[in-house]
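Chain lettering (A, B, C, D and E) follows the sequence in which the chains are written, and residue indices restart at 1 in each chain.
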Amino acid sequence: MMIQVKDLYKSFGDLQVLKDINVEVKEQEVVCVIGPSGSGKSTFLRCLNLLEEVTSGEVWIEDENIADPSVNINQLRTKVGMVFQHFNLFPHKTVLENVTIGPIKVKGEAKEKADIEAVSLLEKVGLADKANDYPRSLSGGQKQRVAIARALAMNPRVMLFDEPTSALDPELVGDVLAVMKDLAKEGMTMVVVTHEMGFAREVGDRVIFMDEGYMIEEGDPEQIFNDPQHSRTQAFLSKIL
Amino acid sequence: ACGDADEAEETPDENGEVEEETTEDEEATDEEETLVVATDTNYVPFEFMNEETGEMEGFDIDLIDELSDRVGFDYELEVVEFDGIVAGMGSGRYDIGIAGMTITEDRAEEFDFSIPYYDAGLILAVHEDNEDIQSIDDIDDLTVATRSGTTSEDFLHENTEANVQVYPQILEAYMDVEAGRADAAFYDVPNVRYHADTEGEELKTVGDIEQGEVYGIAFEQDSEWVEPVNEALEEMFEDGTYGDFYEEWFGDRVEEPEGESPLD
Amino acid sequence: MHDLIEHLMELTTSPHWGGVLPYLIEGIQITLYITFIGVFFGLILGIVTGLARLSKSKIIYGLATCYIEVIRGTPILVQVLFIYFALADFFGITFDHLTAGIIAIAINAGAYVAEIVRGGVASIDKGQMEAGRSIGLSSFQTMRYIIWPQALKRMIPPLGNQFIISLKDTSLFAVISTGEAVFMGRQYVATTGVYFEPYFMMGLVYLSITIPCMIILRAYERKLDV
Amino acid sequence: MHDLIEHLMELTTSPHWGGVLPYLIEGIQITLYITFIGVFFGLILGIVTGLARLSKSKIIYGLATCYIEVIRGTPILVQVLFIYFALADFFGITFDHLTAGIIAIAINAGAYVAEIVRGGVASIDKGQMEAGRSIGLSSFQTMRYIIWPQALKRMIPPLGNQFIISLKDTSLFAVISTGEAVFMGRQYVATTGVYFEPYFMMGLVYLSITIPCMIILRAYERKLDV
Amino acid sequence: MMIQVKDLYKSFGDLQVLKDINVEVKEQEVVCVIGPSGSGKSTFLRCLNLLEEVTSGEVWIEDENIADPSVNINQLRTKVGMVFQHFNLFPHKTVLENVTIGPIKVKGEAKEKADIEAVSLLEKVGLADKANDYPRSLSGGQKQRVAIARALAMNPRVMLFDEPTSALDPELVGDVLAVMKDLAKEGMTMVVVTHEMGFAREVGDRVIFMDEGYMIEEGDPEQIFNDPQHSRTQAFLSKIL
């Protein structure tokens, strides 16, 4: 089991944002998370790499319970890559430096080695020619692909995506999804918060529907989209499809 | 001069009474004019603030009060840093300035002076432990503190090679000496003596009086008040009033200043 | 060490805390008087100049800019010396200390207020002007009903800050013998020859005004943020 | 009117423009000296305090906050009078004018720099910290390599502005006889009894430094914006 | 003819953003404009109500050439309502005040009359109960519906919509589109920049495809979407569908 979440609760002050979450993600599995705004999708992802402290419950990544305070957070994070809705590239670093800073500073790799690996990752996302540009000169879709390369540079075991295409102009969405599909095909374990139903259908092994902090329903994409069991899922899907 | 000795007791505020009498006396001035009299913030014992009452006191204050009665004007005191008085007299901001102000030719170009009313001079003060400085000849290249806009400042610049530091307040100059930031202070004799004797325990005067000076009351240029004030001053020298004030503030008794005005 | 503590203990019984206080209280009233009136005129001047800097007329813009740059580029001490001494000496324009102080604060604060006004208006999203225009409001109406009320709200914290700055700036009118807090405190110092307590107290008197102002401003800002 | 013009014409031939200039040039060097050294130490102090205000320790945060509030809440004139006179009188801690001036600028600028640092760091999008942490950088590393370089860039305009403010603030060290520009100009005034030209010239000397600084800063800001 | 655009050119400095645009919109027609980011869609709309000055060409709204400098802009604008991507509600005014400020300040209507009309417009967009709330307490979809009511309050002859749903969470898009459909049904003349192909198909009478400042192609929605003639249209549609 790659990820195992047991009885996860998360509150901000008085506000319970995640309630009784139990999820398992197997190796190489692609899990899509859907749900209305504010339902806790992002918070759930952020708990998986400890960007948020867990209030109670257990979060196992491979053989480590990361909710345990004694865990080495920085070490853990290299195992879990994260891609954000707003890219969060480092604007003062070139595309190449964005990708190599992790390997160099965290893993202590030599710059030369890191550069070579980074270039091959950039090739993979189709942006080798932009290596020396600054993020500001890239389009949104290109930025997001760099962000993916940056996460991959740490050789993560799992990749988390938080609405990776929702800040993009429609005609730029395709390139990013294509890169994600490739990743999935290569066997990367992925948890993807997305409203791209096409992607979920085509690539997702499983879809989880969240609402108001609860995991309401999960199942295979066809079943969830065509035959949602829960009335809230039905209501939500009727709005967005 | 219209005031008389009886009214010397009157405070300037109670001018109703005085007013009546002047109207009887003279038609030209039916009301006593209120003159703006600038005085120094702190120049012991000529003018300084009584910390209890917040009122200004001192030799100059008694003098101007008496003069106002004798000459017949009302006045309003403005307490100003010394350099501000010199500047303000020059630009006509004040009618009268009384601040232990030395009569100099330079100043006389900008505004008028009364006849001399006090014999002063400049003297050096050093820390009481200082044996190196015995006179003005020893201060070249040393740091000497004094007050901005005063004749002492001019004297130091013109006659010595000292490194001159000036402060708005003379106490700050003395403090520089006591704190070891300055080697000496240089200033008017009565004030230096006063501080060396009383509170400035760590100060002593050295050397001779460097420059004989006389103080005069300053008036706006071509002021109509110069003549009557001069007359009243002469009266006060004669009738002992000046001597009484002098004794009160300086201990010994002097009936009349002897120094010559440099303007004569 | 022991000496030092004893020395410090003397402070507790020093008569000068109480002694200087009436002076400072008298002075701070003048400080506040100058500040309020000065800042009031500074506000008017600043709003006019700030709007002038949004003007399309090159001349108006240029004049406003000159004024702002000259004032922001020179110390207020130089400004007040100029107003008080140079104008009197050269043109015979003599203001008394209070007036000179008020003029200096007004002119000085005006330049900073102008920048606050310009910045406040510029900080309002361009979409607001477009939305206003698109429903048919004239550009003056949009300014008046849409932009200005929003800008004003954002201008309050920097304006409050400017008030505090101007309050502190009045301190240097001591050089022209305006009887504000520092001058009054120095009077006491000059009479007594005691420095520590009066200057310490002076700081406290200022803090007693500025700290509450800062707290209120910060609370307001926090409210704005949400 | 005719008189006025004649009076103004006299200015063109006045010997005092040239007369005061050497004084001011000597003074402005000291002004710059104090400002540079003072602001340099102020920067260090401010960075330390600014980061202290981001600290989680209540004590460190509290101390830093106290320092900042007290300094920002009192006039620098009071601060310098305290440093120069009160400390000497009460504790026998005597600094010469230059040192006292530098200390006053450093302590004063430090408090404002601290706020600039805090604000600069806070202005960086939270996502940057998250992105840094998510690739495994420690929070110190993220600060060092990701947040700080970006914050620094944004801090440059307000820091430059603080430099200008500190430059202007040195003017009031005239009261402790520091031979900076205003003091030197006033020396000339005291000897000549002429006010207009020296004070006007004084303004120009300050502008000759501040205006170029402001232009450079504005150009830099414009570059930042795009 | 409601709108008639002839040989419209628009430049920002050296940058030509609209080139040789010729469009006619009949009364009651709903025209959708699609095209990649930066193609000039927004600029085109903004030229229709003079938020941008026209560089050359003619723009007739009913019987007025608004490109003519002598036209009364404020008067014209009351004939053309505009709805923005980011709503641009006035945050310091209540929902009701947002709607009434135009009628009161521009048309000089009495407050009472304006209020009554505003409430009935708010009912129409389903937000009568929010009349006294401030915009900040509304969801994006609600904000956009208020913005529509605000534009309608001026009784415009034409409504312009600039990507009215692209800043909305997916589940909020439906409500806004529903309001727009109602409007169209009532016979409002509308020009809508949108990527919502469902809306364009269902409601649009005509679709215009723009690219790089040119109107590349126009036609009825089914034809454009199913059988685009121009290669650029094909390329664009292949990416977003």
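Keep in mind that, in the parts below, contacts are C-beta pairs under 8 Å (C-beta built on N, C-alpha and C of every residue); 3 or more make two chains touch, one makes a residue touch a chain.
Remember, predicted model here, so these are calculated numbers, not experimental data.
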Neighbouring chains common to chain A and chain D, by label: none
Chains touching both chain A and chain E: none
Between B-D and B-C, more C-beta pairs in contact link B-C
How many angstrom between the C-alpha centroids of chain C and chain B? 36
Can you check how far apart chain C and chain D are, centre to centre, with Cα atoms defining each centre and the answer in Å? 17
Using CA atom averages as chain centres, what separation in Å is found between chain A and chain B? 84
Need the CA-centroid distance for the pair chain A / chain C, whole Å please. 52
Considering chain C alone, which of its residues make contact with at least two other chains? 85, 88-89, 175, 186, 189, 195
Where in chain B do residues touch two or more of the other chains? 87, 90-91, 168, 175
What chain-chain pairs meet the touch criterion? A-D, A-E, B-C, B-D, C-D, C-E
Please output the residues of chain B touching chain D within their complex, sorted ascending. 83, 86-87, 90-91, 106, 110, 145, 148-149, 153-154, 157, 165-168, 172, 175, 179-181
Residue set of chain D touching chain A in the complex reads 125, 127-128, 130-138, 141, 145-146, 149-150, 153
Help me check something: in the complex, which residues belonging to chain C touch chain D? 4, 7, 69-70, 72-79, 81-82, 85-91, 164, 168-169, 171-172, 174-175, 182, 186, 189, 194-196, 199-200, 202-203, 206-207, 210-211, 214
If you look only at chain D, which of its residues touch chain B in the complex? 85, 88-89, 92, 94, 96-97, 175-177, 186-187, 190-191, 193, 195
Of chain B, residues touching chain C in the complex: 41-42, 48-51, 54, 78-81, 84, 87-88, 90-93, 168-169, 171, 175, 199-200
